[in-house]
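I have placed the structure first, in the form of structure tokens, so that the comments after it can refer back to it.
All chains are identified by letter, namely A, B, C, D, E and F, in their written order; residue positions are counted from 1 within each chain.
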């Protein structure tokens, strides 16, 4: 049940998204046990700049390939000079490789968003590859401002989401079947088949972002105070501490 | 620490939002214990039609007061005939009364959104009143597509949110101070003062909606399978069952 | 080189889109020759109501499953009553079956848009399945207001688009590779491999629509006058008549 | 009836908004009489960069705290580097202090918009504090592209707006009551009670802006020609000159 | 200097816009004097349903020709059934006729918006024809949520607008020259030439709407209280009463 | 039938739009024959940076006059410092001069978009002047994301467009008549009168862009492969080569 995320490239392996926010290095330095290491890698990925979005503003030119290293930061990304744009800017190789699912969730999300594929900048769309080992889950999460749709390519998935009225809609689907998750709602995918599962998902944002609930609630830096979590989930401190420890916090 | 929500009007008292989705009556019929009753009321409120939104589409006329009982359902609400609109349609009395905080969270959110105040329809804005008893929390939740800002009117609040990169930003603020929660991010307010606390919040949507995490994860109808939750939070079945039982599921 | 589109369900087989506009029945009645018959089917599909869109307005509730048979027509579709919505509304089976490519283009587009999958209504996203026989093309077309991205599942595709500055960007890609077509630009896919090819495409609209240029220019009802086309393409009448006849006009 | 606006900080005291446009220093130099001085201050505030907006474009990342001193000017503001963002960026102290109402209008608007609270940048929301002395008015004005809502905290206010069809809707409201002003319509608040009045207002834009009609029409730099104003309001030159002189023009 | 607006068709003659709001018939019945009659006509035009808008939500189909008489009112208008749409729906004859400028302003605005030209519905654009007699003005007004651009066809116009920072930008332009008025700002056109003037204006909304300041401030139904207006414009009651009487209030 | 476009200024003469994309100089160097020269000029114009757009994101300040020479490229254009803005920035002289129609299409489009008139930046609107010699056409084209409307000033025009359902709507109109072309659809104007024709068109984008089909399909750099075009239009290589040669490819 170890968690080893071997993907070294930020563009190739993230759990639905990482974030523009920051890289709290001090916090990371405290992560050292073996059990923690995998989640450490996991967190590193999630700390990369991958903001949530959806219903992106419309483009104002044919394209604006992102200049991810521009000195100035704006809403979205500045554009690479058009004279330097080539056909390669509109194609991306990163979704072809099966993700490593040897981690606590038994799943890996490989992102095809603007951070990995700068040609998507301003175009309001992105796609992810989700690999799941048998029993693996893409844990409950939400995309702050993006609808998600997906097509199962291989395997058998339980896909479900919960509305703001707390109704849980779900179904088990297989290859060729499509699903949709309304914007901002909590959802998950679980591999309920016997073999590996693969699905490609699409988002109406160039950077869908992800609020991965176990990590948001129990692995933030700094931590959400136990007093808030015990009251929210009506449990004792030790339960909260137990969960936090699983995620290295 | 009982939860008695005495507000009888849907428009006056909801936890950040309710939902358009549905009213699973059968499920409700099974809720009967005393401990459950308060949360039952709570859930009823949350099951009311209150969709998540933000960055609402622009209005196409001066106003379009919602006809909440129209036979046809569209994106948003149809408009009340303009000839029947009066000054009263643009004013709302529901935020003046202190909410009852005798519930498990020690807090009540009174909604001033399109469901309570139909004049807001298509205008892209709404406001809530949040009352918190000492120690009370507006538990971790997100508004699927709305930014939130707020001004503290009374008391001392810890206000915090977590980014998609799992960074937790927070501060303790008092009367006259303002905060902002970026769209779709998980956040909470906790009364950390000695007396009651009151804050008015604003949303850039006529129906902000709310994904209240304890309820979304542990009190949906039907339930999210334990297999998903145990794997997501790395706990045993009994922990999940314990939490679910607190919320009457 | 016959064109037989055997798909009987509007929801399962369309060339990128059809249209809300109309069903000129008289015009169709004149289509009778064998050669014309397949393109007739093709046109029928294209005449189905599939409007172009993108950057759809934001949803104003969790979901609004389309009521495709509502008596009233609005921008988008009215919603099915929430009380009648079930889990099945958020899942779609239509993309699992290989499309019939026995037509003049050697390709079939199977649409997973709001017309086929009403649960997508207001959610701003859709997906298509594109099957191409060896040498087949998804002919030059544009989506009036939608960006397109796609992942190749099988085979070898030449994917290209032309900017408003008349620059042609293209690349040959294979399984696992992703491409993006900026909004509104003319593009095509061609199977340049030896076997069948398959790609799933995604759009940031619940109804991407398609302006399929050979059909738009040479197979409209009524026809664009030859005087316009000869001057536009700098050819003689017989060339225009020849092309029109290929498409049954 | 003197007008003394003692607020020295641009972020703490403005009349609904100021503007990005410019700082016509020469014009200001001519303002010197005592009567003019207060309005001079008033104008200075209004000349500060506070653009009108509403239905702001969606954010493309979790946050983009405004860098108000960036060398480059874009639609909205460039972002402060994420690594320099702290919790303090999401909280604002400026609305806690009662505004000075010793001016010709007997009212002061303290802005909680992106200029005062840079953390609001791209988040599409802002709030103002409006203090009114007995009899004081927030004079007829419009927010070019923002809806306004508000909650009365103290006192008794007459709140009214006029539609494009010239219908005047209004009501006298007190503490706890909420109002809404549709986008772009002319509206005002007047303190009709015996004591001070206070209201917090919210806008669906990070910079609502304000077209304050007395100032727009009679105190612009340079002046709107009398020939236009006499014809528009069907009065003689001396009436126009009289009004202009009250505002120091 | 009488005001005779002879246009009998609502679609052919309005001052920049009328409104969806209402038709206060009782109020109109009190308008009887000769001097009032012209402005009465004027007001009638302005009371017609012409809401302000701009940055309209995107269309979700090729077209949605407005059904102005639909029983249900929504944001914008429901669509005429596609099967009843003909070429004529996309063309409009109403801008060809010179407007009657025999009114107090010496100008007439003929609207080419969705109310006159239903084919514009959902398409986010409209155009007006503005005729001005020598010396005539299109009085200071704003379009609540629409930018305006225009081309002078004939004559010599002073075109000016005031920013939210109270800076007045203006220029005298002649045939073939183009101008732009940023969204929501107060602007006017005055014929400063010796002959008639004509300009065609365009709006990025299917219903630009207009807040015509003299009428908004002094001719609303019911009236804005004198107490507000005297304080706002720093004049005595008799000045306000004088202006109101010119507009028949 | 020569094509001489004598307009030397990029801002004064373009065919509906040019593009931000690029200036493939090598390709241009190969254009040398007399017949090619005019189209060469034509292409040069089209290669200028004029991206397609529509439904532009809303402005976030009163104005943001484009700084077309800014070092940084963003979605749209950075703003000229407000302190350098003058009245002249909001007026444009370029549409007053009749365009030269001595080219293969017998028509010239003079652009009044953000590239020619930087004051339009972020304001979501632009206008073009279209001059057509007798028999001249503005060839079939689409604006990737902009609706178009227009008013005929002089002459007799056949205006038509084709829906995504391949229905052709058209009408012959004369001076004073208005038309609308839904977003993204293929359309054209043809002068079917005996004299010159002139129309002013408006777009709900500051840079409408244009996909001019003859050039997109047959004059791109590099060329679309004949294999694609022969299959798309069901013609032989020589037909494709013939058309390409007319456009200098």
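Just so it is clear, a contact is a pair of C-beta atoms (placed from the backbone, for glycine too) under 8 Å apart; a residue touches a chain by one contact, two chains touch by 3 or more.
Computed from a predicted model, the values in this text were never measured in an experiment.
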Can you list every chain that touches subunit D and also touches subunit E? B, F
Note: subunit B sits from subunit A at a C-alpha centroid distance in Å of 26
Find the geometric centre of each of subunit E and subunit F from their Cα atoms only, then give the gap between the two centres in Å, rounded to an integer. 30
Report the inter-chain centroid distance for subunit C and subunit E in whole angstrom, where each centroid is the mean of the CA atoms. 41
Scan subunit B for residues touching two or more other chains and write them down. 19-22, 49, 51-52, 54-59, 62-63, 72, 74, 76, 144-145, 163-165, 182-183, 185, 209
Counting only chain pairs that touch, give me the topology of the graph as line, ring, star, complete or other. other
Touching pairs among all chains present in the structure: A-B, A-C, A-D, A-F, B-C, B-D, B-E, C-E, C-F, D-E, D-F, E-F
Quick check on the complex: what are the subunit B residues that touch subunit A? 17-22, 24, 43, 46-52, 54-55, 104-106, 135, 137, 139-140, 142-145, 158, 160, 162-168, 182-186, 188, 190, 209-211, 213-225, 227-229, 231-235, 239, 242-243, 246-247
Along subunit D, where are the residues that touch subunit F in the complex? 19-23, 49, 51-57, 72-76, 144-145, 205-207, 209
Touching residues of subunit D toward subunit A in the complex: what are they? 57-64, 67, 70, 72, 74, 76, 78-83, 85, 122
In their shared complex, subunit E is touched by residues of subunit F numbered 54-56, 58-59, 62-63, 86-97, 112, 117, 119-120, 123-127, 129, 147-149, 151, 153, 159, 161, 163-165, 169-171, 173, 175-183, 185, 200, 202-204
